[in-house]
Structure formats: structure tokens, C-alpha cells
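Heads up, the next two complexes both have chain A, just with different partners, chain B and then chain C.
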Partner chain A sequence: MNALPWLIITPLFGAFSMPILGLLGRKVREYWAVIISGFTFAIAARIFYSIWRSNEILLYTLGDVSPIGEGVKFPIRIIWEVDLFGALLALTVAFVSFLAIVYSLGYMKEDSGLDKYYTLVLVLELGMLGIVITGDIFNFYVFIEIMSIASYVLVAFRNDTWEGIEAGIKYMFVGSLASSFILLGIALLYGQYGTLTMAYLAVKIAENPTLVSRVALAFLIGGLLFKSGAVPVHMWLSDAHPAAPSSISAMLSGLVIKVGGVYAIARIIFGIFNPGLHEYLKVFGAPSIGVNTLGWAIIFFGCLTLIVGNAMAVIQTDMKRLFAFSSVGQIGYILLGIGIGVVAYGEKAGEIALTGAVYHIVNHAVIKALLFFVAGAVIHQVGTKNLNELSGLARRMPFTTLSFLIGAAAIIGLPPLNGFASKWLIYESSAMYNPILAVIAVIGTVFSLAAYTRVLFTFLGIESERVKTAREPGKTMLIPMLLLMLVIILMGLLPWQINEKVMLPVAKMLEQLKGEYIMALVKFVGGV
Partner chain B sequence: MNILYATLGLVGVYIYVSFVSLLWEGLDRKLVARMQRRMGPPLLQPFYDFLKLVSKEAIIPRDSNKLFEIAPVLALAASISLLAYTPVGFGPLFATKGDVLVFLYLLALIAFIRVIGGVSSGSPYAQIGAQREIIMLASREVSMMLGLFAILWRLAKLGAERPFSLETLYQYNIWEIGTPLTIVGTLILLIVFIFWLASEIEVGYFNIPEAETEVAEGPMAEYSGRHLALFKLSSALKEFASASLVVAIFFPWGLSGYLGMSGIGAIFVDLVFHTIKVFIVLFVSMSVFRAVTGRLRITQAVNLFWSRILPASIIGAILLAMDILGVIA
Partner chain C sequence: MKTTFGALSLLFMLGVLLVVANPNYGLQFGLGGEEWQKYRYTDQYYIDHGVEEVGGTNIVTDIVFDYRGYDTLGEATVLFTSIAGAIALLRKWREEE
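Coming up: the complex of A and B.
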């Protein structure tokens, strides 16, 4: 039996049944959310494992066995096309969402309207899972909107606070604008090529790369850079992450900006506007899309993002805002890796960069989830996130401080933890491709080191009045933190094994040197 | 089996280095005393100090947190791991491609753990000391890294089998390249490294974070008993490891080759000869420097590093680069 549909069915069923089951009482509702997200995690793990074992792209057609219509030679149905990259992201999404839901049990205890909360979290998870498995560009837009709308509402979930409402409105306005850019790009592509299947679109664009396809590409990338919080358009992120409940910040920062942002950028570039195909066309003097321009544009935004994000993190006094800016900075590293992967397509540097970017997506999702859980624990127990008032927390909350120490060391990239290997791959590839980029990347890390050292000293320093009565949070909040810590440490102990066994195949499948993503569909068409 | 031998080797090196580095402390105190016409303590004084500190009651301040007690253990652990990557007359025990980064990382980590211990004590004196230590750490490492990487890069060009490993320092020698540019460049870098060593072990000009008379021992202000003993031991190990780096870069000659020895005997002879060279380097950079110079202010020290030592390091690195790129043939 194909497990893929269950990845969508399970959270969808969970979300839709929540209002009814919620009538049975608070406990039932909470256990139901945990069971559903745990089950989703198991399905995602199974899908990832089967794709990893077979190393083949999984193609699933909704409503039929073949995506090709009767009597026509092109795909007419919605397809889901999952390669290793999508499966890895699905696994990460399901894992972090599961932990965030467990964490919410303790963290959201004092809030009201929790039936809506758990429904929305499951919808958010559903949207992200849909984005990573879909192979149809309009379906992709629909899932992006599902994810975005759920996150707008969750950011403004505490609607009795001014900052929740303010951040929610800001996020909603710019997010809708970005979504409409994406929709415009999709409309242009459809008008020009008459198909919405990503892999088939790739074939059509390569046959006839018109100006319209370039404009559409610009709209798509522009909209997705918004969603990923790249620098000129990162302002929603630094408001939305601090204002959201911490379990949601962990999902926003760990998952939403990656799945709806950098994952989608990578998928659109490598899936639809495949650099290899266009390099190949260029050799024959045929019209093609200038992938170098595209790659350098992404590198430019990546460098800008990692400098500005990390530098802004240094000067923050609000802990969650600091983490939010640090997320912006880490997105910069991922964009840098993707950009080098595009400009150095088919070369060693490009492959290493792409591996580093994929690796960093997973690592940062885990680390940032841990850091936001820490921030949540502090806010929940002490009631403030102002760093000037939080001095000396280590004495009263040793476990939380340890989690922070591990998370901060991992995000800076200290060797025995997981952040090291992924950052190292990005440094190495950027030094191979262009040393100036490596220098910029290192400067970004120096800023990030400064920012986190400052928070660490605050945690360790002399005890302030405010924290004198603080205590550790309850078990439901500590266990997700413990699990994430274990994952960070275990991944840190086996960096090159993970790189070789998982991340390198993922990057190769994403890069699709032989057009595997397209071939998986073309197989059905029978020779285009 | 290989890992087993390397582990046994590490234990051996650890025992040897802790003995020798404490011995050097005694020697240093004796020498400085003689320079000031005093008798000085007996040669084995640091051993007595260590034993006494271990036997004393350790006082934990009320405002401290758990890391206050963990930091000394972590510092010693980091120092012992540092020894696995330190060249001690022969290549590091766990030599691999690029192990120089691990060496630098562990060296910085030890300083950072001291800072964490200081901050965790909840004493304002320790906090001020810790801030100074961080500032010094940030200032001194850049010029040293530049010099070290330039030299290792130059040696890697000679065809080292494991580039950027500290092992290459024993395969090729920076002096044997022999062109005027490398010799001048290396001499400049030697000066940089002597200053770096003095600041790494915090003596003379650079006795700033610890500054007894100013901030009452800085980060160590609240430490007592066995915690202090562990810190003292780890500082002694770090001292030896830092000086070993300088010796391995600039004076890597072994004795066993001349004596025609091999096997365990050669390793032992090289180790002892290396120790003597370390003592000589430490005599210049530690004892003499400590006896003849006073402490700088923190701003002066930072200024010294960024406006004197770093330019010197850049010049040295450029000279080495010019030699290899053949700018002046």
C-alpha cells in the first residue's frame, strides 16, 4: 500500500475531527493532537525510509494510476512527486511539529480557545507536508496558502496582546502580497505553457524559454524570498516570531520559512528551471534561461541576509527577537548554499554547497526549535523575554540553561554538535567557488557568536530579582527539549556519516544531473 | 588496536606533560626570584601547592550555578584533549588532515571555559576578569591564526601528505626553504608568536584578566580547593601545549635522527629534547617577560595587538605568500 496519501489524510482528518472530539473535553483534545501528529511522524519516517532505500523518485497520481489523460499525451491530473529532498523535509516537518504539539500541552495550558489552536497547528503541519510532496505548481500554491493562513492566525493567536495583533496584521499583509506574487508567476506560466505539472512545465520551458517564463521566475523567486525572510523583506519575521506563542515560533522559524521559502526556491529552480537543461541548451546556441544571473541573485540576497540578520541579532534585548534575527541569518547561509549550487552547477563546489544547504535546513530546524522552546520555557516560568531582566537564570533553571548552551553552541557551529558539519560544507564550497563569499560567511558567524555569547552570559550572570522565584517547567515542556538535545548531539557525533548516507544523495537527487525529476514523469508520457 | 595504542599514548603524554609543566612552573618561579635577588621557592613548590589545594575544602559561592563546579572539569578535559593534538617532539597522536583547526579550537575553548566558570560564580570581580579575558581572546588569536595558516600553507605546497596537519611541521621545516623572503617572513612571525605565547599564558604585559592587584585574580576570584587545583593544572597543560606549538613551528629539529635511534627510545629522546626546547621558549616568553615588564591596561593591550602585532603578522604572511607565488623571483 502506498503510504503517501496518508501523509495528508492523517493531519487533515485530525484537524477536521478536532472540533468534534474537542467537545469531549480538554484531555481528549490534547491526546488526539499528540496521537495524530505522532502518527504523521511515523508515516513520514516510513516514506523517507522507503525512498532512501530505493533511491527512486516516488510519483503518485491523484485519482488514477497514470497522470496522463486519455487520448492526450500530457499530464492532466494532479501529481505528487516526492524525491529524497521532499521526503527529508517531510520527516523534519513531522518531527518538529510533533514535538511542538507535545510542548504545547504544558506551554499553552493557561490559554483559552485551544480547540482552535490544535486544529490550526495540524493545518499548519498539513500545509507544509503538502508543499514538500506536491509535484503540481497550483497545488503547491494552495498548500502555501494553507500554511500561510494557518500561520497568520497562529501568530495572532493571543489576540488580547497588542503585539500579537500587530505582528499578525503585518505578517498577513506582506504575506498575502507575497502569495499573490507567487500566484501571478503561476498564472503567467500557465498562460504561456498551458500546463501546471512541474516536471512537464520544465520540459515545456526548455523547449521554448520565453520572456514570460523569466518574468514568472522573477515573480516566483521574489514571492518565495518574502516567505523565507531574506533580507530586504525580513521585517515581518522579526515581529511575527517574538509575538507568536513559543511552540509556534519554533515551527515558524524551524519549518515555515524553510518549507515555504528555501525549499520552494530550490524546488522551483532545480525542478522547473533546471540549470543543467539550460546549460545544455546554451551549448547548442538554443534560447535558454541564464542560470548564472539567477544564481548570483540568490547569492547576493544570501550574503545580504546572513550579514544583516546576524548583525541585527547582536543588538537585540528581546530574547525571541534575537532568535528571530538569528533565523534570518541562518536562512542566509542556506540561500548562499543554494546560490552556489546554481552557479557552480555540475561542479564539485556546487554539489558540496547544495549538500551543505540541505544539511543546514535540517540542522537549523532542529536547533532553532530547541532555542525557541528554551525561550518559551523562560517566558512561561519567568514571564519576561527581556534579556536585561533575565540575568542569572542558570541557578534556578539549570536544564533550560543547558538546552540553551547546547543550542547556541550548535547554531554557532562548534565541532561536537551538528551545526558544524553543515556550516563547514557551506564555508568549504564558498571558499572553493569564490573566497570572498567565504569571508562574508565567516563574518556572519562572528556576529552570531557575539549574539549568543551575550545571551549565555546573561543566563550565567549574577541573579536578578526577577528570576529569584523561577522554577523548571513541567515534563511536557522538558521532554521535547531533551529529545531535540539528543538529536543535536547524536547528529553532531556522526556528521560525515550522515552527510554521506543521507545528505549527499539528497543533494544529488535535488540537483538531478540527468533530469531525474523530469524523467520520473516523462516515463509515463512515453517519449516527449 | 590503533585507537588503543593512541589512547595509551595520550595517557602517557598526559602524565608526562602534567609532571613537566608543573616542574616548569617551579623552575620559572625560581628563575624569576633569582632575577630579583630572592631565593625563591623550592623547585617542587607547584606540586606542594597542587596537593594542598586538592586537600582543601572547596567553597561554593551562594550565588553560583552548576557550571561553576563543572567548568574546572571541562577545562581539564579540554586540556587533555588538546594534548592529543599537540606536537610534542613527534606528530600529534591523533594527527589527521586539518587537525590544526581542532588545536586552535580547543585552545580557545579552554579560555572560554575559564570565562564561563568565572561568570557562573556570581562575583562582579570574576565578571570583570571574564570580560577582559574574552577581549584578550578575541584580540590575540587573529594574528596567530594568520601566521600559523600562512606557514602551514607554505609547507603544504611542498607536498605534505596531510595538508594543514601539525604533523607536517615535522616532515618539512620552514627554515629549510631558505629563500630570503621566507627567512625574513618567518622571523617576523616568530616575534608575533612570542607575543602571542606571552598573552596566551597571560604574563608580563598581558597579565590582564588575572591581574591580582586590580581585580583579585579575575575569573578565578571565587575558586578554591580542588576546583582551583584543576584550573591550575589545566593552565599549566595549556602553557605547555601553546609553547609546544611555537617550538614545533620554529624549532622542529629532533635529536634522534642525529643519534641514529629508532623505536621507543627515539620517541623518548625526542620528547625530552622537545621539553628542553619548550623550557627555553618559555624562559624567553614567560620568565624574562614576566620579570622585566609590567601589566598594560586592557585598552593598551588590545591596541598593541590590533595595531602592532596584526600588521606584523600580515607582513610576515605576505612575505611567505610572495615567496611561493613568485612575485619577486
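Coming up: the complex of A and C.
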């Protein structure tokens, strides 16, 4: 039996049944959310495993056995096209969302309106899963909207705090603008090419790369850079992440900016505007899209992002704001990896960079979720996130401090932890491609090191009045942190094995040197 | 400074979109005949096969509920989310402890 539809059905059913089951009381509601998200995680793991083992792109047509219409040669239905990259992201999304929901049981205990909260968290998870599995560009937009609307609300969920509402409004205005850019891009593509299926759009664009397709690409990438929090347009992120409840910050920072931003950029570049296809066209002197320009634009924004994001993290006094800026910085590394993957397409450096970018997406999702869980535990137990008031937390909250230590060491990229391998791949490839890029990447890491060392010293300092009465949080908050720590350490102990067995195939399938993404669809046509 | 830059980039975007909307360089409007087949082949398919494949005589509902029913499900979810969100954000503030 094909498990793929259940990846959408389960959270959708969970979210839509929550208002009714919520009537049965608080405990039922919480157990239901945990069960649904746990089940989704199991399904995602199964899908990932089956795709990883067969190493083939899974194509599923909604409503028919074949996406191709009767007697014609083009797709007429919505398809899901899941390659390893999509499946890996689905797995990460389901894992972190599950832990965030378990964490919310303890963390959100004092808040009101929790039936809506769990509904919205499940919808957020649904939106992200929908984005990573879809193969249809309008459907991609619909799920980006689902994800965005749920996250606008969750950022402003604490409606009695001024910062929540302010950040929510800012996020909503910026996010809606970005969404409308994306929709405009899609409308232009449809007007020019008459199809919405990504793989078929790739064929059509390669046949006739017009000005319209370039403009549409610019709008799509521009909108998605907003969503991923790249530097000139990162201001919403640094407000939204600190203001949201910490369980939500973990999901926003670990997942939303990756799935709605970086994943989508990579998918649109490699799936629709495949660099290989256009390089090939160029060889024959046919009109093609200059993917090098695109790659350099992404590298430029990546470098800007990793310098500014990490540098701004150093001067923050608010712990969650610091983590938010650090997220901006880490997005810079991922963009740098993707950018090099585009400009050095088909070369060794490009493949390593893409592997590093994919690896870093997963690593950063896990690490940043842990760090925001730590911040949440501190806020929940001590009641402040101002770093100047938090000194000497290590004696009162040793487990939380240990989690922070591991998370911080991993995000800087210290060798026994998982951040090392992914950053190493990005450094290595940028050094191979252009040493200046490697220097910029290392400067970013130096800033990041400075920022986290500062927080660490705060944790280890002399005990302040404020923390004297602090205690460790409850089990539901500690267990997700423990699990994330274990994942970080385990992934850190087997970095090159994971790279070899998982990340390299993922990057290869994303890069699709032979146009596998298109072929998965085209093979249904038969004889073409 | 910022406002000027913003206004200039908006102007630039408007210019680009006007070029794109010009039939000599970009999108075609009022398609017919051969061009209809070239640019709107999917639509033609829905018109030709909608009635027999789906059964409804209204093409739009055929597309929205059958061929692209999953998008409609997504739109319903968007609506559901917005309502849940509006209710969640307009709830009473927590009591002071």
C-alpha cells in the first residue's frame, strides 16, 4: 500500500477533528495532538525509508493512475513528486513538529485557547508536509499559504503581550507581500506555458525560455528569499521568532524558513529551471536561461546573510533574539551551498556544496529546535530572556545548561557534533570553488562563535538574584530536549557515514544530472 | 533614502511587468486559433474531456472539484486556519495572577 497520501490525511484529519475532540477536555486534546503527530512521524519515516531504499522518485497522481490526460501528452492532474530531498525534509518536519507538540504540553500549560493552538500547530505541520511532497506549482502556493497563515497566528498567539501582536502584524504584512510575489510568478509562468506541473513546466521552459520565464523566476526567488529570511528582508524574522511561544519558535526557525524558503528555492531552481538542461542548451547555441547569474545572485545573498545574521547575533541581549539572528546566519550557509551548487553544476565542488546545504538544513533544524527549547525552558522557569539577568543558571538548571552547551557547540561546528560535517562540506566546496567565499564563511562562523560564547559565559557566571529559585522544568519539556541532544550526538558520531549513505544520494537526486525529476513524469507519456 | 530606494525598485518592477505584459515581448492576450492550442492546451483538454471524464456540465466545477480537487481541499484548509486563527487571536486575555 502506498503510504504517501496518509502523510497529508493524518495531520489534516487531526486538525479538522480537534475542535470536536477538544470538547472532551484538555487531556484528550493533548493526547490527540501527540498521537496524530507521532503517527505522522512514523509515516514520514516509512516513506523516507522506502524512497531511500529504492532510490527512485515517487510520483503519485491525485485522482487517477496516470497524470497524463487521455490521448494527449501532457499532465492534467495534480501530482505529488517526492524525491529523497522532499522525503528527508518531510521526515525532519514530522520529527521536529512531534517534539514541539510534546514540548508544548508542559510549556503552554498556563496559556488559554489551547484547542486552537493544537489545531494550528497541526495545520502548520500539514502545510509544510504539503510543500515538500508536491509536484505542482499552484498546489505549492496553496500549501505555502496554509503554512504562512498558521504561522502568522502562532507568532501572535499570546495576544496579551505587545511584542507578540507587533511581531505578528509585521510578519503578516511582509509574508503576504512575499506570497503575492510568488503568486505573481506562478501566474506569469502559467500565462506563458499553460501548465502548472513543475516537471512539465521544466520541459516547456527548456523548449522556449522567454523573458517571461526569467521575470517569473525573479519574482519566485524574490518571494522565497523573504520567506527564508535572507538578509535584506530578514527583519520580520528577528521580531517573529523571539515573540512566538518557544515551541513555535523552534518550528519556525527549524522548519518554516527552510521548507517555505530554502527548500522551495532549491526545488524551483533544480526542478523547474534545471541548470543541467540549460547548460546543455547553451552548448548547442539554443536560447537558455543564464543559471550562472542566478547562482551568483544566491551566493551574494547567502554571503550577505551569513555575515549580517551572525554579526547581529553577537550584540543581542535577548536570548531568543540572538538565536533568531543566528538562524538568519545559518540560512546564509545553506544559501551559499545552494548557490555554489548552481554555479558549479556538474562539478565536484557543486555536488559537495549541495550535499553540505542539504545536510545543514537537517542539522540546523535539529540544533535550532534544541536551542529554542532551551530558551523556552529558561523563560518558563525563570521568567526572563534577558541575558544580563540570567547569569549563573548552570547550578540551578544543569540539564538545560548541558543542552545549551551541546546545541551551541553543534551550531558553531565543533567536531564531535553534527554541525561540523555539514559546515565542513560547505567550507570545503567554497574553498574549491572560490577561496574568497570560504573566507567569508569562516568570518561568519567566528561571529557565531563569539555570540554563543557570550551566552555560555552568562550561563556559567555568578548566580544572580533572579535565578536563585529556578528549577528544572517538567518531564514533557525535558524529554524533547534529551531526544534532540541524542540525535545531535548520534549524528555527530557518524558524520561521514550519514553523508555517504543519506546526504550524498539526496544531493544527487536533487541535482538530477540526468533530469530524473522530469523523467519521472515523462515516462508516463510513453514513447516520447 | 530608504523610501526613495523602495520607490525606485517598485518603479523598476512596474516597468518590467509592463514589458512582460506587452504582446511583442511577453504574454499574449486574446488567444485564438493556433495560439490557443499552443498556450492553452490544458484548458482545451478540460473542455473536451470534462463532461465525459467527470460528469459535470460545468467545466469550472469539474476542474475545481475533480481535476484539481486537492487545491480546493487546501483552500478549505486555508479558510479553516484563518477562522481558527481569528478566533484564537480575539479570545479574552489571560487573567492576572
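The rule we apply is simple: the second predicted complex is superposed on the first by the 526 of 528 C-alpha atoms of A that agree within 3 Å, B and C clash if a C-alpha of one lies under 4 Å from a C-alpha of the other, contacts with A are read in each partner's own complex, and residues count from 1 in each chain.
Here is the rule we go by: a residue touches a chain if its C-beta (ideal position, glycine included) is under 8 Å from a C-beta of that chain, and two chains touch if they have at least 3 such contacts.
Keep in mind it's a predicted model, so treat the numbers as computed, not measured.
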TODO: Give one word, clash or fit, describing how chain B and chain C relate on chain A after superposing.
DONE: fit
Open item on the list: With chain A as the corner point, what is the angle to chain B and chain C based on their C-alpha centres after superposing, as a multiple of 10 degrees?
Closed with: 160
Open item on the list: I'd like to know which partner A:Pro287 touches here: chain B for first, chain C for second, both or neither.
Closed with: neither
Task: Partner chain(s) touched by A:Glu145 [first = chain B, second = chain C, both, neither] - done: second
Open item on the list: In the overlaid three-chain picture, which partner chain does A:Gly191 touch, first (chain B) or second (chain C), both, or neither?
Closed with: second
Task: Partner chain in contact with A:Arg395 - chain B first, chain C second, else both or neither - done: first
- [ ] For A:Glu463, decide between first (touching chain B), second (touching chain C), both and neither.
- [x] first
- [ ] Check the contacts made with chain A and report whether chain B or chain C touches more of its residues.
- [x] C
TODO: Please work out whether A:Leu211 is in contact with chain B alone, chain C alone, both, or neither, and reply first, second, both or neither.
DONE: second
Open item on the list: I'd like to know which partner A:Gly383 touches here: chain B for first, chain C for second, both or neither.
Closed with: neither
Open item on the list: Quick one: is A:Thr453 in contact with chain B, with chain C, with both, or with neither? Answer first, second, both or neither.
Closed with: first
Task: Nearest-approach distance, in Å, of chain C Cα atoms to those of chain B in the combined model - done: 32
Task: Those residues of chain A which chain B touches in one complex and chain C touches in the other - done: none
- [ ] Could you pull out which chain A residues touch chain C in their complex?
- [x] 12, 15-16, 19, 62-63, 69-70, 72, 74, 76-78, 110-113, 116-117, 119-120, 123, 126-127, 130, 138-139, 142-143, 145-146, 149-150, 152-153, 156-157, 159-160, 168, 188, 191-196, 210-212, 215
Task: In the complex with chain B, residue positions of chain A that touch it - done: 392, 394-395, 398, 401, 414-415, 453, 456-457, 460-463
Open item on the list: Could you list, by residue number, the parts of chain B that touch chain A in their complex?
Closed with: 63-67, 102, 105, 116, 119-120, 122-124, 127, 130, 134
Task: Interfacial residue positions of chain C with respect to chain A in the complex - done: 16-17, 19-20, 25-27, 38-43, 45-46, 49, 53, 66-71, 73-75, 77-78, 80-82, 84-85, 87-94
